[in-house]
Each structure stands twice: as C-alpha cells, then as structure tokens.
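Handing you a structure now.
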Amino acid sequence: MNEQLLHLRNAHLIDPKNGLDACLDLFIVDGRIAAIGQPPTGFAAERQIDAKGLIACPGLVDLSTRLGGIETELAAAVAGGVTSLACPPDTKPPLDEPGLVERLVRRSETLGLARVYPIGALTQQLAGEKLAEMNSLTRAGCIGFSQAKHPIVDTQLLLRAMQYAATFGYKVRLRPQDQFLAREGVAHDGEVASRLGLTGIPVSAETVAIATALQLAAQTNVRLHLSRLSSAAGVALIRTARHAGMPVSCDVSIHHLHLSEMDIGYFDSNARFDPPLRASSDRDALRVAVRDGLAAICSDHTPVDADGKQLPFAEALPGASGLELLLPLTLLWAKQAKLPLVLALARITCDPAAILGIEAGSLAIGSAADICLFDPDESWRVTPEALRSQGKNTPFLGYEVSGRTRMTLVGGRIVFEA
Amino acid sequence: MTSPDAEAQCAQLAELIRPRLRPDTVLVGIHSGGAWVARRLREILELRNEIGLIDVSFYRDDYGARGLHARVRPSSIPFDVEGRPLILVDDVLYTGRTTRAAINELFDYGRPASIQLAVLADRGRRQLPICADFCPWKVDLDPALELVLSTDASGRLQWSLAENAHA
Amino acid sequence: MRNPQLNANGELTHLLSTEGLPREVINHILDTASSFLKVSHRDVKKVPLLRGKSVFNVFFENSTRTRTTFEIAAKRLSADVINLDVTRSSTAKGETLLDTVDNLVAMHADMFVVRHAASGAPHLIADHLRRLGRNDVHVVNAGDGRHAHPTQGLLDMYTIRHYKQDFNNLVVAIVGDILHSRVARSDIHALTTLGAAEVRAIGPQTLLPTAMDKMGLRVCHDLRTGLRDCDVVIMLRLQNERMNGALLPSAREYFHCYGLTPAMLALAKPDAIVMHPGPMNRGVEIDSDVADGPQAVILPQVTFGIAVRMAVMGILAGN
C-alpha cells in the first residue's frame, strides 16, 4: 500500500523527543510528517485513519536485533511497532566484509519493512586479532562497530581498535564481560546459581570490563556505547563516568528490566541470558538507571529454536525473543514504576535513535513518517502462535501483557496492520 | 451389630490352637492387628518361642493401584523358618489376598514344614482358595464396611466398624 | 511455583532433589528404607514389588559405582534393569537428551535413573514427561552436575538418623569441595528440612559457593573452628582435577589445611560420626586412621544406600 496523503485522526500523539503529548491530527505527505494539528494547505487525504483511543508514537528504535530469518524477523519487528533496528555483527558469516553489509542493507530495503542499520565487526571475523575495515564498512552502511558477544581479550588491540574508530568518529559498542571471570558461567554468581549448582558469572566480570572500556575510551576519546548492563555496580561505574563528563551511553535489555535470577526457577532455559539475570537488587538499579535516562532499553531480540532451548540449562542457548514484547514490557515497566508514558517511550524511541546517531524516533515536522500506533490497554497472551518471530523463546510465555500494536508505518507506508 | 469382645475371642482362639501345638511351633503375626493377636496368643499359650512379625506391604498385589503409602514396619522373623511349623496370625480373614502375600513373604525366609492360619474373624467372600485353620468368629458384613481391630487406652483389643476407604 | 517432584495429589512422582521435599516425604522414605534394610539381611534378598517394571539406568556420565547401587536396588525389588551406556555415543550422533528419552519411553520404560554432567538435566526430562502426559514414568536423579544427588543425600540422612536418632540438636560439619559437590547440596537441603541445629560449610574460599548464608549455612574457613563440638562430619571427595593449581596449590597443602586426621577429629564431640560419599582419597581429604577408625560409618553408608534406593524406587513406582 502506498498512500501519498495520509490523515491520522484522533490519535493521542506522544513524541518524547519534542515533548508532545496531546490528541491531535497528524498529516503525512510523501512519506514525511507534513503537519500536526491543522492540515497543510490544500491537503486532501487519500486515506484517513481513525485512531480514536490509540496512541501514536514514533516507530520504536531497537539497539540490538538478531535477525536470523530476515523476512520473518522484520515482519515481527513491525508487528511489535519497531521501525528501525540495529543488527549486531555476529551473523553467519560475521559482518566484517562491505559486501555482506551491502547485501543486508539491500535485502532489508527490498523487503520494505523495518529499517535495518548494520553494526560492523570491530575486528576481522570478530576474532579480536586484526582490525576490520571500518571505513569501508561504514561506506557500505554500518553505523557503528562492535564485537557482539566476542570480547577482545587483548587490551592492546582493544586500545588500537578504539583509536582507529575514534580517528573517523565511529561509535564503538562493547558488551562488558570479562571472559576469564565469566568462563563457563551460565548464571549470576549468587544465591540461585549456588543452590542449583550452576557455574556463576560474578558481577566483577562486568565491572572489570566496564572499567577497562572506560579507561581506554577516556584515553582515545572514542564514542563508546556499553550494551546490556546487568548489575548495580556496573550502573554505578557508568553513572560516575557520566558525572565526570564522559560521553558514554549504555542500554539494558527489556528482560533484565523485569527479571532476576529467581526467574530461573527450576532450570528454565528461557531464563538463560547473556549477561545473566542478576539479583533483584541489580534489577532495581537497572530500573533506576533507565528511569533516569542513563540507559536506553533494548529488545536484545535473539530467536532460538526449540532444539536450542530444550537442553539442560547450561547447554541451552542464551537469549530471548524480544521484538514483539519490547512495547508491552516497556509499558508494564512504566506502569509499575509509575512513570509517564512520554518518559517511558523515550527509552525505546528517541534515546536509542540518538545512541545510534540515526534520524528516527521523532514525530517532528519534516521527519520520516515512521509511526507506531498502539492500543495501550489491549491485553494479549504471549503464546508461540501469537509471536510472528521464528523465536518462540521467551520467559514470558503464558503471560498476559497489555499494549498491542495496531498499525505500523514506515516512511508513511502501512507495513503492519492488525 | 454389637461387637463381640475381642479379648475373649483371643482366649477362644488360643484354646482352638492349643491341642495342635507342637514344641517347635512358632506364631507369625501380620502387622498390625495380627501382631497384637499373636502377642496375646503367645501369653495365653505360654509359648517360649519368640513370635515373628511381618509387614506384607512389599508383597501386596494392589501395589500398582495403591502404591506404598502407609507406614511400612520392618518384618522381623527372629528364628529360622526352615522346617518349622508356623501359625500365621491375622485379625480378619476376608479376600485372602493379605494371607497370600504373607505366605509368599514367609517363603522368602525359607521353607517351613507347614503353615496354618489363625484369625479372630472370618468375613467370608474369599477371592482366593484360602481358609482359616482356627477361627472363633464367622461374620458376614456389608463390603462397604471395614472391620477394624484396635487397642483402647488400657491396651485392650476391641472391634469397630468403619467406612471402607478403598471400596 | 509447582513442585516438579510431586504429582497432582501431592505424592512423590520424581526424585530430583532433596530441596523442596516435604519433611513427611523424607521420613516416609527413611522409614520404608529401614524395612528394606531387613530384606537385605534375608536369604532371599528380593521382594516382588516392582515385578514386571522396567528400570532404565541412563548414565550420560560414567559411574559404575553409583549405577551398580541402583541396579542392585532395582533387582532386589524384582524390576527388570536395563543399563544404557549413553556416554556421548548417542549425543555424538546428534541425538538430543530428549530424543533419547522419547526412545526409551517408546520401549515402555517405567522409571529412569539418570546421571548427567549438566545441572538440571533430570528436571528437563521430568518436565518433558509431564508435557507428554506420561505421569506413569518416573525419574530418579542419580546425580546432575553440581546440583543434586538426592539418593546420596537421603542415605546420609538415614545414616545420621541411625546413629543420632534426632536431628534437632545436631551440629553437622561438611568439609571440602562444596562448590562442585552435588552431595553437599543434597545434604544441606535435607538437613535443613529435618531441622538440624547447625550446618557448617568448611573449606577454602575457592571451594565454597557464594551466598552460602542464604542456604542457612555457617561458613568456616578454618577446620579447627569448624569441627569443634560437632556431632557429624561429612567429608567430601576432592576430585583430582581440582588439585592442580587453579583452585588449590596441591593435594599436600590441602591435606595439611583440611584433611581429617585423628587430631582434628578429636575436636569434634567424642561420639561424632565421620561420613564420606566415597570413593575416598586417603591422605588427601581423610587420613586412613580416621577412615578405618571406630568413628567412621562409611561402609554402613553403602549398605543403607541400597535400602534407601529401594525405598525411593518402591515409593515412586507406586505413585
């Protein structure tokens, strides 16, 4: 469907970027937001959408989505209201070749669903030994560089990688986890792991890595983003760095915002995450960090098939399907933390857009009409059938959640409609 | 129905057994009612031999349906069964299944010379070809009822009727 | 959260861990075990309880010793015992754990005795059987990773009850590699449920899990302090691979600091008993004079172990 002139009526517009929180009409011309409130002169809608009772916010921006089957996962993205997403480089093969990046970009553009922003590999093959061709990868479409789950162990090489990235102003994203301290670990080194006999990953695995990254970032002036924070101590380190004026950003997965080690229960492999779910006090600190705007929220979407999860806990693959739960779980957090929607939605729209450095996450006049239209009160049950993603793996299976995407627009085109 | 005096029945049962006693005869009581009766008989008959006690839980044929729930007490056969004349003692003879289980268990201790069966009450309605050698009381009761032997506060044996939990 | 070991009637249907076992269930197992102990003293050491039932010993991790104890127990219950050596062979062919289970269920297994290197593997199997609706198939955990070895835990409780009768005033010291020990975890949960007055965990920090206080333990790093006035000493086996530098400098130094010698044992109560899940490393965690001494009850543990496993299988198969 390709509507040139669209009139969105009666929606409750929430645009955290511009502080908009009101019931106003929105007008789209040629894929861009042309006006809010009063129609532009001479506007004659080709299609009117009555959005009474619904909230229209900027399309969600996700900091990390593993695609797997690109077609189904991008369909899952728009079904979850996500219109822009960053794809980490640990694809098979890894995103360390400009050709691979171009192909991914082209493929996603052809599909015309959510916009895909590849994150390039910081080192060749993600092996942590040789620098990747960051400049060529950027020209091919990469908007930053990371090692995904494969840390650079050699601190000298990490320093060099940051220096090289800083040369061109590229953003470096790191998942802070010291691989020696986390060796063989599968759960938070705490009460539950001790009880269940699971190998623990201490909080120090995260803090040591954060401290290292911050020191090297300070030395190189690289733009640093730390992904998937899991601990209160990690949050404290970043808070201190930010107070000292360092331009470091970070994110928290939506799952870590809600769950703790207790949710492992009797070895529920759907609660296996990397980094691990930590103590409830850690979760509380993550919630404060997100509330304060220190961290953005990320779906950390990781589809895993049944074979990868129906294994003993330590052998199961980590991660959860997150794209379609990002919105409802963010709304749930806002409700529990008694936060206004305009603040909560910022964490999944304009904040991640700013971190990625992309033009998205806003309803400003003239910006691309990437819009998520949702019913905040419609509840639905999380079942394998209800999820469009190939990944049916989520610890929220069977839960009743509130907030359902009713329509998603990308560049003014309706790409999802329920 | 007014229940007969169980203690008096024990005395009657002892007199039925007395003429048939041999010097090496031993009594084996089935937990728990049969064990009480066997102890009474030993006193009345002034037997010197220790009595044996068995719990047939591990030999029951309704294990598949009922499992192992009731408290199992250890069987104790403090004598050599081989070649001995045994008198198996129970409180109530009914379907015969408990007796069957008890005989099977006894044979796992050895090959006795003979086994006779002494019971206080015989409810009839047998499901196996088993009969009592010594029994002072034959009674026909509604299958929905369970005939229960217990001990009162002073330790005297008494009969009562209860709804059959497994009927 | 639903207790995965109990069925809808609250009866024991799997034995996965001593954690979450109600006290009356533990006592029922121990009482039943004492009846089975008598059976083992008879000429015919067998009862017909599990006649016609198939017990599959599925050991994904090699342990002839443990497998044998389960085999003896099952045979004394007249079950048909099938030993499956699945150490890596089927998994190497790409068959998953649950594929193996599905195959054995199709062969009409009534009970699985499972040993696996990964914590939680028996839970996964029990959960799978529940989803298949096969509540007539039972799982006994014969040791999963570092998590649990519940029959060992229960036989330890049987042993303690046998020698000490009552748990209420008992001080129990568990010494050694608690971090990697499924036996220790099973003992700790059972002791807590049975109301032991104090359970002490003794060992160097490298061999103790974190947050032990949350499990209700008193942590001692010094063996002398830990043994003082205790009633029961449970020594744990130190695996060879832990002795070589990463967690401990050497077996020699370990014995010097944490080995149970007669002099150390003298700090405990005079009637204290010494237990060990076997096999022992003489001269590493325990001195031969203690292992063979009057306070050691290590061989009775083995005897009780058969009876306890018979009780567990007898109770499970009937539920």
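First chain written, first letter: the chains are A, B and C, and each begins at residue 1.
Keep this in mind: contacts are C-beta pairs under 8 Å (C-beta built on N, C-alpha and C of every residue); 3 or more make two chains touch, one makes a residue touch a chain.
Fair warning: this is a prediction, and the values are worked out from it, not measured in the lab.
Student: Name the chain whose C-alpha centroid is farthest from the C-alpha centroid of subunit B.
Tutor: The most distant chain relative to subunit B turns out to be A.
Student: Mean of the CA atoms for each chain, then the mean for all of them together: which chain is nearest?
Tutor: Chain nearest the overall C-alpha centroid, as shown: C.
Student: Using the average of all C-alpha atoms in each chain as its centre, how far is it in Å between subunit A and subunit C?
Tutor: The computed centroid separation for subunit A versus subunit C comes out at 44 Å.
Student: Report the inter-centroid distance (CA atoms only) between subunit A and subunit B in whole Å.
Tutor: Centres of subunit A and subunit B (C-alpha means) sit 75 Å apart.
Student: Report, in whole Å, the distance between the mean C-alpha point of subunit B and the mean C-alpha point of subunit C.
Tutor: Comparing mean C-alpha positions, subunit C is 38 Å from subunit B.
Student: Give the residues of subunit B touching no fewer than two other chains, as numbers and ranges.
Tutor: none
Student: Which residues of subunit C touch subunit A in the complex?
Tutor: 1, 4, 19, 96-98, 116, 118-121, 123-124, 127-128, 144-148, 182, 185, 209-212, 214-215
Student: Would you tell me which residues of subunit A are touching subunit C in their complex?
Tutor: 189-191, 193-200, 202, 265-267, 269, 307, 310-315
Student: Can you name the residues of subunit C that touch subunit B in the complex?
Tutor: Against subunit B, the touching part of subunit C is residues 11, 28, 31-32, 34-39, 42-44, 46-49, 314-315, 317-319.
Student: Per the contact definition, I'd like the list of subunit B residues that touch subunit C in the complex.
Tutor: On the subunit B side, the touching residues are 55, 57-59, 63-64, 66-69, 71-76, 104-105, 107-110.
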